[in-house]
């Protein structure tokens, strides 16, 4: 019998790794994936809570998170393609139009 | 059924519509269409005014003064201004004068402006002026009146500078505007003070509030708020009605087309001050000191410009100065507490001064733009209609018996003499009398130099001289008629008793000034014979002025020059109008110029304002430069900041909470 | 020590390993595969938590669609090894400590907040598909419809962006 | 240890079933290849494989041996050896994974425990299958990308896009069935299809969900990258598509996977639309004789073999083999006819296999008949025709259900 807290800690670890990845990685696609990882971690937490409280709404939230993630992936990747087409690079440190 | 509610607005709105049409579309129109719209609107407005008058007379006395709030124009807390019209005998009279004379002058302009450029523009301005003037007259509260007040100021500016290519014209326009500002400043303060005192600017409330207040002592040291209000209002009047010391703009205003001079700077606008003071009679009646001030200023204004007029050679300038002095008479009358008399003179003056100007215009027209009377003379046979009407006007203003000016001016002088409120009434009366004499003199000097004696004009002008077209002469005749009979509505009791004609005007205006008259202590009893004596005296003096003029300019013209030679200094002073303009320039304009240039511009504006603005910009720039180091554009850095924030939030949840 | 414990530790460990390799791998496609691994193992954990429907869509949507998209894009752009630039000093000196601190704090907070006595009952089927469906179409029908709008917008946006010439 | 096993007989059964299924399934796949070649050959008026064994029946073995002994080449500059090797394994694994939840027959009693002709009966079986099939994309994508060569890459891109887009139509077309069945468990879906429709027709979802079936079948063909949707390995354009660089056993694995997918598709079609293991005949006494059909089939096949020995000129070895097989089949038929419980037990699988074989034949038939699509046509067809059709079907079905409910 596994305590719920284990699941929560696992999700925390995954989330933290996601954050670290976000900071460490340079490839914009990878960074995007790190974001997805964080989302997954959150989902895990949701499901764990849902189990602990037998509250189904947790699952609903996960569902919505996944849907939004899908939409986000579609748009995000389209953007990435455009950026690559314009800059010829996927390195975020070379993609700093925001500055000027 | 005629109803003032919709009839009265037509009076001002018709000219406005005309102005709008002309201003927007007039450029493309032919002269005929412009006449149709411009003159037509004025005529319709005159008709509407008459209709309104008819309906007004049918109103039961209880409904007079008639007032109607059309809608709430401004509202800010307690401050509330209605778009309201206010019609009583006074405003009715003014409305009729404005529309009537205005209409005549419109007609006259058709002929006079025929050769001028900007034809449609002229009529657009003229109509606009009509609108504002009527708004001023019919306004139901001081704010609306102020709107009209400023509006006519604007129109006068536009019309003085009508020939804006002439620098002198545009300067004159600016001068008029700026000088008026000084008066308007006082007026604005007066409005604030009124609101502060009565909590409203509607006539009805103000007058009601004022009438229950006790009259203030005549001694200025103990004068109260009403005196302040009255004086400030009068400041406005000084500016608008060209009283001492702000009269200087009016003579220059003659740069505008002559019909303008006639309508705005003789008949109507300059009388706005008189109207306003008369409208506020209840306030003034409660402030004897203010009233006395009005009288004194008026008297001085009647006197000095007259002296200047003696030696002027520009036909319009002479008339301008005479206008100033006549306005002075009106204020003298008001100041003496004889508001009716003042208004009476306003009316008659409107007639004959308009006539004089139009006549002058006709002469200038004939002389092909020549305005210097020294280059005229002997025009009588060539332009009879003009000459005849001009004669009538001259007689009227000089106060020849049975002419309109005679009655009104005498009324004023007599009231001044017998005024119970004025301590120095006698002195003022004396000055007024002298002024009247001078008036007679310079008017006939003008007449003689213009129409009689041998012609001093150049041959080529001679060929050009001709009588003006009908559109110009007809209004002259009508006005001439009015200048003769206009006075008969106000025949003084002394004379009236004998011919059994009551003083219609006084009775007519009675209700308007009732409140003021109650406050006035009864005049010390004077036998009518006494008054008749005075009349005789004035008549004699007028006659004397006439005689002197005749001897100077018909009998032996050298005499005038010799006189001017002997009293060279005085002559120079007069010719240069007491150097008033120069003094003003030295005392006010130059210091102001220096102040604006050195202090306000170079020190304040450049130093402080610009400094502040640029400084703010610079600070912002520095801050931006500083912040920009955070805005690295590097996603990873941003991520770091976000993570930092998350950490902080989490830390708060962990340790921050008890 | 029941089967569920073994499964948890096995797949939990797998997930962590996947996440680590996601971070460590230099090549995007390896990262993508590690992420897929994470997702798959998470799906198993969902099953352990009695969320069968979520587990299914985790596989179908996340692993089967979203990640396919990622892989597809990586292949399309033929993205190679990521280049090692260090233009962001901030990240270099602040970032990692902060992130690790964040990780630690979160872990501890969650652990503290959820003492071990609350256990996961293996055969407690919370997320039966029909139940999820009912809730989704009864209480959460409006958000559900809204997500459809969101997706529509996403589709349009993606097309507009990816189109070569507009 | 032993007693632990004794306490958990279901584990033993499961292991046995897995082993059995794998054996049967792999063999079946091998013989499907033979089947395909034969059918196509006959459609094209050829003999097809004939040399290896009678009627080339041993051809699959020969192929397998050949693959095994081919040199295992890994191109020098693959993007990543790991992925290059991972791809085929992934393909096979996923392909076989899907079969785990397919019910081939009803539950039955054995060794005192009830079990069924399936490895796992999970109540989200359908979702499971869909999930697994959705993952198969990776094998293709990785194979194509890791080969680091243009044809595979293009092929992989193509098939990835194709699979992703047709998966939508596939999933949506299934939903109609789900609405009717109200369950995700394949077993329940099959059991839902028992009984009669208007007394005559078997209550299969093919009848109410015909449109869905069309969508499903077409898109499953596309999913399996087979003709006419086999652009991923369009020989004329891309040599062999994503597995151009693969040789020997690795290639065999892709091969295997493809046919496994064909099977899966056929299984699903059978389960979802054709009442799975259910007999088409009613259970009325009049139709009792249909229970003997399996026996009869076996017997007839055996007779055919025996007949064949005389019909065709064979080598003695072959002749012997055929005779043996024929006799064996006859024996099977006889045994079935004589032992009722076994006969009953076989009923389910018999019908299931029969239906599946029919679908396999259709697959082959289509491949032999239809020309290949052009890529844009493919995409347009998937997105602009199948998808809307499936959606419309869902709407119609749900409306129907609502109407029935009240």
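Letters A, B, C and D mark the chains in the order given here, with residues in each chain numbered from 1 onward.
The working rule: a contact is a pair of C-beta atoms (placed from the backbone, for glycine too) under 8 Å apart; a residue touches a chain by one contact, two chains touch by 3 or more.
Quick caveat, the model's predicted, so the values are computed rather than measured.
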Original post:
Quick one: most central chain, C-alpha centroids?
Top reply: A
Original post:
Taking each chain's centre as its mean C-alpha position, how far apart are chain B and chain C in Å?
Top reply: 86
**OP:** Could you give the separation in Å between the centres of chain B and chain D, each centre being the mean of its C-alpha atoms?
**Re:** 108
Subject >> Distance from chain D to chain A - Cα centre to Cα centre, in angstrom >> reply: 37
Original post:
Between chain C and chain D, what is the gap in Å from one C-alpha centre to the other?
Top reply: 32
Subject >> In chain B, residues with contacts to at least two other chains >> reply: 632, 634, 636, 639-640, 643, 646
**OP:** Give me the residues of chain C that touch two or more other chains.
**Re:** 53, 57, 65, 69, 74, 76, 87-88, 91, 95, 99, 102, 106, 109
**OP:** Provide the list of chain D residues touching at least two other chains, using ranges where the numbers run on.
**Re:** none
Subject >> Each pair of chains that touches, named by its two labels >> reply: A-B, A-C, B-C, C-D
Original post:
For the complex, which residues does chain C have touching chain D?
Top reply: 27, 29-30, 33, 36, 52-53, 55-57, 59-60, 63-65, 68-69, 71-72, 74-76, 128-130
**OP:** Write out the stretch or stretches of chain D touching chain C in their complex.
**Re:** 79-80, 83, 122-124, 127-128, 130-132, 134-135, 137-138, 141-142, 144-145, 153, 156-157, 160-161, 164, 167, 171, 182, 184
**OP:** Name, in rising order, each residue of chain B that touches chain C in their complex.
**Re:** 632, 634, 636-637, 639-641, 643-644, 646-647, 650-651, 653-654
Original post:
Of all residues in chain C, which touch chain A in the complex?
Top reply: 2, 4-5, 8, 12, 15-16, 19-20, 22-23, 28, 31-32, 35, 38-39, 42, 45-46, 48-51, 53-54, 57-58, 61-62, 65-66, 69-70, 73-74, 76-77, 79, 82-88, 91, 95-96, 99-100, 102-104, 106-107, 109-111, 113-122, 124, 126-127, 131-132, 135-136, 140, 143, 147, 150-151, 153-155, 157-159, 161-162
Original post:
Touching chain B in the complex: which residues of chain A?
Top reply: 19, 22-23, 26, 28, 31, 92-93, 95-100
